[in-house]
């Protein structure tokens, strides 16, 4: 493990609410996590458990209603928009959105979307294009696609563009929200290998995925989010192979593998019952 | 299906020939805003107010005063007191008797009511007394033989004193002793009247109902008559051809309208008499007649059309059209072409202004036309330098003359200026009985003096044009008045 | 030869070993008990064994840059069977599915080959015939379920609508039937869900609603294009159960597009592997996934295995021997 | 038998309860829309009335010039202005005017001293008849044409419709009016050229009298509705849920009426909300042509005469009309597309 | 965008018509064969060699007046559109970013202006505050500005809530950057559509006002003014209104066509349209615009 111990991200007691007044609902509560340089933390959990919300809170896209977030040692929980902008422009954090179609400007060719972070940082256009293309090649995207609009790509192609965009500024922390869900296994491995390389280069990663195999393969640690709380955090292999919390067990049990089917419905129902008990 | 629409229209428009009810459907561009004659003033609406109201006198085809509610009148020998003898047993439509008290009330109201628009016309009248039930004695401030003409339909339509006790109410519910009685009135838009059986001359009124509405755009008036929505309307001269083509009667109501260019000699550059003269010479009256009245009007350099009793033939050629001379005068006055730049302020769009503009431009005076809704305020406060005005004239020529040339005349933009000798000439007119043989000469002499005024350049007289369905018989040719006596609506 | 299923609930016992028939010519003798005959009366004799969907050498062309995107896809699908399509991203899987449904994007066209649904060539279908066919014979579920439902209609109403139109039931009966379907897809509170709008439901719930709509008119073929990609594995498991259930009970034939080989392995009888518009390998699931012949397939499987859960579960089996779900699993009895 | 009825009742009961709950929810939604619209209405009303009132101060007009005619000497003017209370401070005037408005008093006309509220209500019946008919014609034909164009889009039908609509919508209303009169009244003699007959006299005469002006007025909303509907429908045809509906085997007709129309109709409906003020405005011209003594004619006459209180009254009434109409449109919109209630 | 518009036949037609009109506006006054203000004794004559379109009621050459009036007319309605644009778009975009107070205020003002029937208001304002095209234009411009406000705001809102803007934010983009790069492109097409529409509205309103005798400043000719005055002399020159009416209609029609073309080619739908056109051109069998489902997916 190449984690050198210095935390890039520290989240303590994070609490997030959505909605106003009567519709106000708590989505995250008491979430704490610390990610060190070169460490990869996988986040798995139920649909709607708040994984994306966690990411968005860390990135300052939603306001936390409680708790503290430290990025690179800076407490960003009370940052003004201006401070946020300064922090982001340094390219410290990046995010791969869960929905690549909606996170790419539908009217801009993908190349333009890709180099945007570089242009914002003040990199010259020519250089930005060069660097951008290098990353597109790295995610194995055909050069003839560069000029297309996002709507004209297949799901997987879009997803790779989104990943390339997050990598292009070489940030210290990347949060990836389902970066491989729409990819075939070959391309997935490609991306996962890139992630591993990044990790080895000292980049901290938060890897949100439904694909337990990928998580287990890439992450050092895994956090299981269930109804807005981390119910289990621990060494990746340990959590995947021997989950303790009933939900984690249900999760692992529900995943089919190439060689074995998922647990039967009866077994899963039993675990559910345990969960609700 | 499709025919019934037309049927409905035709039924509505047929006006009931064949002995049925005769209905006059009149689309008027001058729908009265006020139905209290005192408030309504003496503008063009008096023709409509004459439907429900009668006056002491009216005018005949020659423009002379003839009896209306008063069957006769007598002046005292000094000429400063006149007694009107009313017809007996007349009532207003609310049943109040038409008596001397009612007439006194009407005159007093016109002189003193707060919102009276008439008090300026009645300066000759000192007071009114009654003598018996039917005799009204009017005491004058000066000898004035114009009173029978003055107290006609134009200035003194008489309302029921009972109704007039509440002038605001009267203003929306006219009660008079005229040929018709208002049955329904929608302010500003529509009024329904029926024949007044108690009108003194009711036997000569052959119209049963009148529907008077405010007219639509000029371009659709004719089609309204064509399809029977109306059978009588005011007509813009430009539409006369269309009306004739549609088989309608176009007729010219004689009148004494006259339009003028008003100058203010108290202001630059008209304080220079040469500039005023230049304007006089620069005016081509025939052009106004041709382009604005489509041949229905007449050029005039006086406040009435040629042929009117006060029209002074001797002055007819006073300042003939001579642009060269106009330029020369301007040069003499020290103005280079284009140096004079003036605003011509008018109240609403008017092609006449464009003609004035082009004629003055031809002699080197640059005019900018300014349309100002607020025009009346500066005009009557005599603050404007240059404007246009058109008057419908008065039954009393003396009144017309003083309005234009008198020192306080509302139409004299150069107040308090008046031409030399005008006051004396007018006084002489007033002192001359209307039937005196030398009355016309004296009157024309007054006109001649008045025309020395540098404040007014008269241009043309436009006619009162009307269009009617052929079913309506010819109207009496009383100048400026619309008189329904004897008019029939048949097939 | 024949495989049997013990009970209605799907267990992990999926296809028994099957002879490696040439895929296009499956022996008609196989399995599947009591399947409804095709609902659409075609000229063909109502043979239960006839293919409900036959795709023959379908080519898809992009008219804009005049290029062929898909170069010949063929497979046949019989009632109760499931075919999986896996392969490279951008290889034309979605386009193939859309071609089968007759809903290719504007400037794409089927340039060659034929597609038969329940014995009818779709190239010759008129609009009303298409309307007849879709929903009741063939239906589909896509990724991104929210966008495939009308945001301004209650979801229940949209299910009932299909039932009303397709089965001619009256409103009240359609509603009852829709509620049954919502129960059948394991939604917890069908009455409540019935009256909700798309934006009030989570992704997993929506996907289930969408499946309920898709199967409302008892289609013979269901196309599931990455229908479970966005879902977490617990929900995915339930949806896969549901699909298996439908196969079992109604003889529904499935086309499953997925990147998750494990899902395909669990659900499908037969697999197509696509790459750059080309079918590189096609055969029974067990053959293709466990004895891949084509190099790309091998790569695909190897890559899958590299991050496959099996590794870790296998770890457990040997290392800890207890705890995880691993040892409760039944091995897929593929040809090992 | 008995069991089955009991069963039935048991099934029916929750259904009824649910229906009631649904009805309550719908009513709640309407109330919310209402409350929201009222919340918008109040500031709109305040700002608009203030603007309206400020007009008089800015115009410098006075009743004197209207009333006095040739006797408008400065003295007389001052007298009249005092009588109308125009020599008081601006805000005091505004306040009394505003409180009067709240009591439904629009004051008296400068030109004839009549109660403005009365004058306006006289004309309103006419204008509303015409505007409503115009709206109906516009909406019916607009929907028809827009739909046809959208369904047959990029074909010659679409092009013909779009062309037709643009040509008609760009004709100034007075030209349309005069053409209609010339053709249908004078030429064919089918319909009266001008005037108005109240519905109490007879529905048919009433209808024939308002048909031409309504037609003249309807072209603009027709074109607008059709155009909005066309693009709304086309956009909504591109949505995935249409694909979804196709895949479910719904007929094109059904897809159109139940799915596409419902979502595509939003912009066209909100345009309608917009159109209403324009129609009221347009009635100024049509009424002037067709000799109708309606609201628009009154507005024009008062404005031309410089009758400020009347103009203010007209504006206040039109604001109220428009806001009310928008309220209705909002409620309809809310019912048709509940999704639109989210967010904004 | 320009190229895409030009790729459509309707776009080309619109641009053609509008360039002619613009040319007319620029050159018109100098092209006039007669003095447009010069009266003569020949009134209301029919077309002749000397006066191509005859003369008006004051004997002025109608053709010259039309030419001379083109600049004022075109500038007038462009002025309306530009006033509406500036008054509407800027607060429309800012309302999304400038906080709740600003948002609330501008929304209420926009609501208010919408609630004012603009023809009535234009009549009122110009009648009460003085005649003249500028006043009328200004009033109309301000009164139609909510159209721009709403359009701009809606487009901006949609963009502001979108994930790609969030993506840009995460990269540290400033509001200005986002506005330039993401918002502008989305706001522009609907604004262009609104602009083209407003030019049309401007024309119609100004000619309506002229018809009512408001907003004309004689003797300067405008198309609307000519049209309105021609209607008064129908019995002499029944054909006369046709010419200014056609000019007005052509302009309005051109702008509407342009608006439609912009709408058709903008965004994803536009690209799809162009693609399908290109595809159809390539395809040999012509008739298959609608896919088998009967409706376009």
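The first chain written gets the first letter, and so on, giving A, B, C, D and E; residue counts start at 1 in each chain.
The definition used in the following text is that contacts are C-beta pairs under 8 Å (C-beta built on N, C-alpha and C of every residue); 3 or more make two chains touch, one makes a residue touch a chain.
Small disclaimer: the values here were computed from a predicted structure and weren't measured.
S.K.: Chains in contact with chain B and with chain E: which ones?
M.R.: D
S.K.: Please flag the chain sitting at the greatest distance from chain C, going by CA centroids.
M.R.: Greatest centre separation from chain C goes to chain B.
S.K.: Higher C-beta contact count, C-D or D-E?
M.R.: D-E
S.K.: Report the chain whose mean Cα position is at the greatest distance from that of chain A.
M.R.: Ranked by distance of C-alpha centres from chain A, the top chain is B.
S.K.: With centres defined as the mean C-alpha position, give me the chain B-chain D separation in Å.
M.R.: 42
S.K.: Counting in whole Å, what is the centre-to-centre distance of chain A and chain E, each centre being its mean C-alpha position?
M.R.: The mean C-alpha positions of chain A and chain E differ by 48 Å.
S.K.: Go ahead and note the Å separation of the Cα centroids belonging to chain C and chain E.
M.R.: 53
S.K.: Counting in whole Å, what is the centre-to-centre distance of chain B and chain C, each centre being its mean C-alpha position?
M.R.: Averaging C-alpha atoms per chain gives centres 93 Å apart.
S.K.: Mark out which residues of chain D touch at least two other chains, giving numbers and ranges.
M.R.: Residues 59, 61, 174, 178, 243, 246, 251-252, 288, 304, 306 of chain D each touch two or more of the other chains.
S.K.: Where does chain C touch two or more other chains at once, residue-wise?
M.R.: Residues 103, 127, 130-131, 134 of chain C touch two or more partner chains.
S.K.: Provide the list of chain B residues touching at least two other chains, using ranges where the numbers run on.
M.R.: 217, 219, 348, 373
S.K.: Within the complex, which stretch of chain C touches chain D?
M.R.: Touching chain D: residues 101, 103, 127-128, 130-136, 139-140, 142, 144, 147-153, 161-162, 165-166, 191, 195, 197, 199, 210, 213-214, 216-217 of chain C.
S.K.: Chain C touches which residues of chain A in the complex?
M.R.: 44-48, 153-157, 159-160, 178, 181-189, 192, 210-214, 216-218, 237, 240-244, 249-268
S.K.: For chain A, which residues count as touching chain E in their complex?
M.R.: 59, 61, 85-91, 93-95, 97, 99, 102-108, 113, 116-117, 120-121, 149, 151, 165, 169
S.K.: Show which residues of chain D lie in contact with chain E when the two form their complex.
M.R.: Where chain D meets chain E, its residues are 40, 43-44, 47-48, 51, 55-56, 58-59, 61, 151, 153-155, 162, 166-167, 169-175, 178, 227, 231, 234-235, 237-238, 242-243, 246, 251-252, 255-256, 260, 274, 277-278, 280-282, 284-285, 288, 296, 299-300, 303-304, 306, 308, 311, 314-315, 318-319, 322-323, 326, 344.
S.K.: List the residues on chain C that touch chain A in their complex, please.
M.R.: Touch residues, chain C against chain A: 9-12, 14, 86-91, 94, 143, 202-204, 226, 229-238, 240-241, 259-263, 265-266, 289, 296, 299-301, 303-313, 315-316, 319-320, 322-326, 328-332, 334.
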